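Naming follows writing order (A, B, C, D and E), and every chain is counted from residue 1.
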Amino acid sequence: MTLRSTTPAAVRVLLAATLAVAATACTAGRNGSSGSSTSTLIVNTSFVYKTLDPGRAYEQTGYVALHAMYDSLLTFTGTDVEEPKPNLAESYTASDDAKTFTFTLRQGATFADGTPVTAEDVVFSLNRLQNLKGSSASFFSGLEATAKDARTVVITSEEPNPTVPVLMAMPASGILNRKLVTQHGATDGEDAATADKAQQYLDQAAAGSGPYVLERNTPGSEIVLKANDKYWGTKPAYSRVVIRNMDVQNQKLTMTRATDAEIALDLSGKFLDGLPETLSISQKQDTVYFAFLNTDPAVSKVSSNPKFAQAMRAAIDYPGLAALFGRGGGTARGLVAPAYPGALGEGEELKRDVEKAKRLLAEAGLNDPSVEFIYPAITYRGVDLGTVATKVQGDAAAAGIDIELTPLPLTAFLERYRGGKAPMGMTPQSLSYPRAESIVKVMSPGGVNAERMNWSKGYGAEEAGAAAKEFLAATTDAARNEAAVKWQRAMNTDSPYLLLASNSGTVVGSPAVTGAEYTPAGWTVDLAAVGVKK
Amino acid sequence: MRRPLVLIALSVLGAWLLLAVLAGVVSPYDPLAQSADTYAPPSAAHWFGTDELGRDVLSRVVHGARLSIPLALAVVVLALLLGGLLGLIAGYVGRAVDEVIMRLTDLVFAFPQIILAMAVTAAFGPSPANAVLALVIVSWPVYARVIRGAVLGIRGENYLGIARMLGVGPITVLRRDVVPNSVGPAVVLATLELGNAVLLLAGLSFLGLGPRPPAAEWGAMIALGAADISKWWVSVFPGLAILTVVLACNILGDAIRDRFDVGHR
Amino acid sequence: MSGALLEVAEVAVEYRDRGRGRVRAVDGVSLSVAPGQIVGLVGESGCGKSSLARVAAGLAAPAAGQVRFGGRPLTPLGWRRRPRAEVGLQMVFQNPYSSLNPRRTILSQLLDGVPPDLPPAGRREHALHQLERVGLPESAAGRYPGQFSGGQLQRIAIARALAANPKMIIADEPVTALDVSSQAQVVGVLSQLVRELGVGMLFISHDLALVHRLADETAVMYLGAIVESAPTRRLWREPRHPYTRALIEAIPRAEPGAGLPKVLPGEVTRPESGCRFRARCPHAFDRCAEEPPLTAGPGGRVACWLDARVPTPERKGA
Amino acid sequence: MLLRSVLHRSVLHRSAVLRSALLRYVLRRLAIAAGLLLGSTLVGFALVQAVPGDPVAANLSDQALGDPAAVAAFRAKWGLDRPLPMQYLAYLGNLLQGDLGTSQQTGRPVLADLLDHVPATIELVLPAIVLSVVLGTAIGMYAALRQGRAGDQAVRVGALLGLSTPQFWLSVLALYLFFYVLGVSPNGGRLSPQFSPPPRVTGMYSLDALLAGQLDVAWDAVQHIALPVLVLSVVTTATLVRFVRSAILEVLRKDYIAAAYAKGLPARTVLLRHLLRAGLVQIITMTSLAFASMLAGTVLVESVFSWPGVGEYAYASASALDRPAILGVCLFVAAVYIVVNLAVDLLYGVADPRIRLT
Amino acid sequence: MPTTPDTSPPAELLRVERLAVTLRGPRGPVPILTDVTLSASAGEIVGIAGESGSGKSMTARALLGLLPRGAEVSGTMLFQGRDLSTLDRRGRQRVRGAGIAMVFQDPTAALHPMLSIGRQLTEHMRAHLGVSRREAAKRAVELLDQVRIPNAAKVLRAYPHQFSGGQLQRIAIASALAARPRLLIADEPTTALDVTVQAGILALLESLRAEMGLGVLFVTHDLGVLAALASRTYVYYAGRIVETGPTAGLLRAPRHPYTRALLEARAEDGAVMRPIAGRPVNAAEAPPGCPFAPRCPDREDRCEKSAPVLAYDDGERDGRRGSACLVHGTGGAR
């Protein structure tokens, strides 16, 4: 059922972080014990959907479907996001300076209409993505793709960029059938943002080379995929996939009774309690929740005091907060979620010390401090952010801190947050692509996000800044991961960010399915990898 | 049978008012105090169980009266004042002024209450004050129409004309002769609308457009409980609270209407 | 008519009727009332007599014509307080229950009209005196209208009008809503007032018998116009207009062997042209296709071609 | 009044006047409805202007926000670069062409969104209103005829109870009881998962399934409809019962009912022909009011029953501050209300000869 | 012409003996009628006179079984020899309309505003007379002609609001006559009408009586109307009959002080309008003893103690003078 805070909206919260919002429900239903064909896979999810145009989509539900319909050059398999695997590109090489990447296309890959996939299609798709200036375009800025021959694509980057292979695995860089989509108004020209008219077509048809094609798309209700007859790779186990809009509550009830092939994407937190043992549950902690404090004394005398941040950090009941998220929850460690490379390891969990908090407050001369705390009034991953905020408030109250909660509609929250005038607030964050890069960029002093807290100096800015510089200078994944750990420790020691907890994405599968695994790669679950239990 | 019903309604409402006043004393726990004992079903320690943060549902239901009842009263009183004033003007002045005010009420009526209230709270942000504001905006036309109707009803009464013929000024006539004879139905309506206001407020809160957390508000509590209907006690008890208050208000409103013999709107 | 207290001159009243444009309820009526005189205005429901009463009292503005009170034009009630001079013109309505505010005491309502130049102590006295005048005890002053019967309320309404020391009273069907027993009381009070105080009175009623009992002068209205007016005695004895005659003959008499009253055929419908009574008139003839003017003669005024004094119209080719 | 009736009596013989009177009545109603529609666009537009938040900030990623070209493109697309009155006029212009703007949330034309959501709501509201009217009239009449007796008392208390129950709470309870505990009802939503929606004709699944001959789908759709319809009907029925009861009581006091009995008509004829006919105008009015309040009720009920209807859409738009969608919903609902009222006014003309013939 | 009994003795239609009606009030039973005895014959117009609250309308409603729920009726009401109070529902339906019909005071209220005139004229005709729709319509046209409503065929399709009060009362009378009743109860049928219109209705009733032999019970507060119409009159006060007798005699020499007071309070040329002291009471407010005693100019001490009963000149009731007055009456105290 829809509660006060479930909101169908997909919104970007941070520079390189998505806040995917659990959506309202739609067609739901009891999973009948009879009827459905074994070759249909039902995917129950709260829709967060705007479009099925790979160049424009930026939402969870769209990504699930897009990943099944559009192959990209590389991909991640299973739950592993360390190493991009070949997909349309059978191999790639990177230059030492991490500026030039050469991809060799697979032979025999065809689009759903039988046309072979060529380098031209790749260049067209990447150019279109950049020129559409959609929400993911910026990750690709500074990259340039050229077709060396029909099977070779060279991508060059202005800056050293070890994440290019990862970007080539994102759903946004799915390769479109150039001939087909240009017939329907697509263009990769500079003016694509206004000249491209293909969205309507792409919302109702698939123009990719993936294992599935679009059968029917009823926005807000269901997206039906059917197996691509001309798929170049291994045929998927299910000939049909119905992705249908269902709120979390119904997903739980439906899964409880599910006997056919059915998976649910949004069951998390308490909703996982009491599920039958026969269901498979796959989780990855890929989201962190953090609170932020404004460092500008003009905004708040309280939040701008670094000692207050320390006191808050000591006041929070981390395991208790984590418990709110149920079995997917994790006690706070670092800003990079545990699912991603560069996350802080076990044993580095933050700890509560109420006495210390009180002492710090006394040292700072803050008696009964009171501060406003904004948060988006939504339910995210099955947990009402209001509940999380209320818990934080309760913990702070134990240390003598008065937090005044201000729930805001998402857009209003974003406006206040971005306006830099909110004294304190909270938001969840997950990554747009499985690398720490973007959050290091935006959350370090001088970054877009840090600026919202007016954080450029003091408040631990020097240490954090240095760690960030080190991170960006690294040209290999391994070096970057090491730098990310350092950066997070610095941020945990002294910064206007208060890490609250981490939480998991979850995929729950009915007893009839196998391989229903949650992936932090961006598309939640690889539909083509879901199998039939024998 | 009517009389005992009215007595019961009176005592229920009285009990709620008392609970609201004495909430701090009679509720067994701090309504905001969280505990590790989350989602505990009703027991001797927690008669109504606990919610997702381990807060005592009974204490929260009792404290909810402190919010719902005064807010509903505020809605009704403010709407009565605003609607009453406009209705009085429309009915007494008549002609173009009447036409304008009545078309305005038509317009407000054209938007279903909760949808308009939702839009208003969405526009001004969720808060108790804004919820009240939204509900006043959507409910004043009822009073305006009733008062206007009453004024029109007595505009044909000879005593108004006689007073004017005796040299009494129009404003004095309005004050002494028109107002006392036309507010009755609206006041009766207000008692009937009190229950409705409680319902609408709870509805807005249910949608997250009412008082901010962690406030113990009945509608919001039902919403929290509805997140997992297997924990029935979290939503059932606040719902019963709303039901009893609204029912008592409606029974009393009915009784008052019967007593003063004022027709339906 | 120089001594007239109230003069109604060529007054017309119109109503705006949705979908039908303007409807003329009163069509050029003139009459006057002198101090100490009771003028009766008789007509059946819908003839426009109440509309005329409201205009004559200044409660509404006429569509045409003029009302003069005490020699000066009467200003219809608007958003201003009524001028003191015009407070001398008062009205008593048909429904006594509607004439008093049920939520104010009798005294407070009596005080409404007490002249402001009286000293505060005298004001109450003055108000109570009016109660006495209409035959009610002073104790009535502290009570509320709901505690009185219709007849008593009507007398209180009269007292209320008297409190303003009126020179002229318009009584619009003042006893129609009352029981037979109260009717006589109220009529008694009214006629006594005229005699004692020398006020003028326009007495409007559908009951010709009642007007006959009370009025010095009687005007008969039919479909918005006066068809005959004359000293009451004369009018009753020898009605000149066929409608007046029909009215008188239709009154049942509580006398043994009175017989059934005479029936006036037809319905109250205004003909397209000519005499407004033409369609129902037993004497209608060619000439009635033209509307007869209300012509004054020694015995009063009448609008009928049958009456000798009404001038023969000059008709082309006739 | 009397005067009027006297002057109008001869109308009977003038059918031309008669017809033009009816025509004038209809035209006047139409004009009022049109004025209200225009007014509601203004109110809706003004309301949406009060919605806080820069839609640009809310809808573009930070990268795009840094790009003036992208911001300008967005503003131009939504007409945000023009002054307010111009925006309103532009909105009106688009409206006349059936263009309600594009939802910022779904990225689809609001009209298309509405067309998807409206049939779902109609599928709930239509049966609920029919059920409520039938039940409300029957029970209300029953109570009026037994005024003061036990049956009447029971009905009055029951109606008060129905009026006092929060709809959203009732929905939660109903779902808990009938789905979770008893398992006799399907969960929320419009259709069980094993079924695909039938080919769209009306957009109402039960009807479309019947049209397509898919009896099992139709039956499943009906099962899904049942619980929300019942919940929606409770309040409306209670309201109608009270209205009908008092309307019938009022009619019962009329002389013409006594006259009908005095003529020796059987009680059934008096009830069904004389009593009900006289109460009809009021019942029609109440039904239209009930219809409006039911539309409002769908917001809460749909949200509990995961019903992708207009109420759900309204709520989603309001919580996302999706201006074009909020405006679209408001206008749609207002338009429905106004049209229903117009229909009711015209129905008056059919039901009441006094309106039809003067 | 005032009616005098025909040469052949008229068939007695109605005989009411010692009728008493009590209503259920919020504070216990409320007496409405006490000890009412009256009769009416075919071809006779009988008047019932009295002020508001005297119980004259309740007599009419009691005869038709139209009293409010909870009313208690005692005494006998014989219509054509059958006791009305023992009839079952079907029997009562048959008597209503086909035996006794009623015409109400306010014709604008007594006709259903939303049903066509035709329907209201014919619906009970078809039930009572078993005629076809076509025959009923034909008869309806005849009836309208009979009550002098022109354009009858057109009128059938019209609705009540299109007619004036006088026309409506004629239509109401036509409707009452539709099922060929023997007795017509006319409850203040002309009170709401203008005098000229009233004259027409009175003439109509008289002609119906004369032509069809209809019995009419004419209820009014205006003795003048009865003078012209009724052969016999009953005068009501406070829920009982205080005087009765042939109308002419009753008017010429009223015996009961109330009858006399009523006559004197009338505005008629020549006579002085003499007000009656006090105000009328209904049966429930009536004091013990003679109910009129507090207002009576001829009151004696005994009047306040014992209630007079209606006694007749020579013991035979119908057509005889009788009055219930201790001072001027023929009878004594109970």
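General observations
What we mean here is this: a residue touches a chain if its C-beta (ideal position, glycine included) is under 8 Å from a C-beta of that chain, and two chains touch if they have at least 3 such contacts.
By chain, with names taken from UniProt: A = Peptide/nickel transport system substrate-binding protein; B, D = Peptide/nickel transport system permease protein; C = Peptide/nickel transport system ATP-binding protein; E = Oligopeptide/dipeptide ABC transporter ATP-binding protein.
In this text, all values refer to a predicted model and were calculated from it rather than measured experimentally.
The chains that touch both chain A and chain E are D. Interface comparison, D-E against B-C: more C-beta pairs in contact at D-E.
Taking the mean of each chain's C-alpha atoms as its centre, the chain lying closest to the overall protein C-alpha centroid is D. Taking each chain's centre as the average of its CA atoms, chain A and chain D sit 40 Å apart.
Our note on geometry: chain C versus chain E, Cα centroid distance of 33 Å, whole angstroms.
One finds 53 Å separating the Cα centroids of chain C and chain D. Centroid to centroid, with C-alpha atoms defining each point, chain A and chain C lie 89 Å apart.
Shared interface positions of chain A, defined as residues touching 2 or more other chains, are 1, 3-5, 249, 377, 409, 412. Each of residues 45, 267-268 in chain C touches at least two other chains.
In chain D, the residues touching two or more other chains are 5-6, 8-9, 52, 172, 175, 180, 303-304, 315, 318-319, 321, 358.
Remark: chain D residues 52-55, 57-64, 67, 69-70, 73, 105-108, 113, 116-117, 172, 175, 179-180, 186-197, 220, 224, 303-306, 308, 312, 315-316, 318-322 touch chain A in the complex. Here chain C touches chain E in the complex through residues 44-45, 149, 151, 179-185, 187-188, 206-210, 212-213, 236, 246-247, 249-265, 267-268, going by the rule given at the top.
Listed in rising order, the residues of chain C touching chain B in the complex are 57-59, 77, 79-82, 84, 87, 89-91, 93, 95, 98-104, 109, 112-113, 157, 160-161, 163-164.
Touching chain C in their complex are the following residues of chain B: 156-159, 161-170, 176-177, 180-181.
Note for the complex: chain D touches chain E at residues 5-6, 8-9, 11-13, 254-256, 258-267, 269, 273-274, 277-278, 280-281, 351-354, 357-358.
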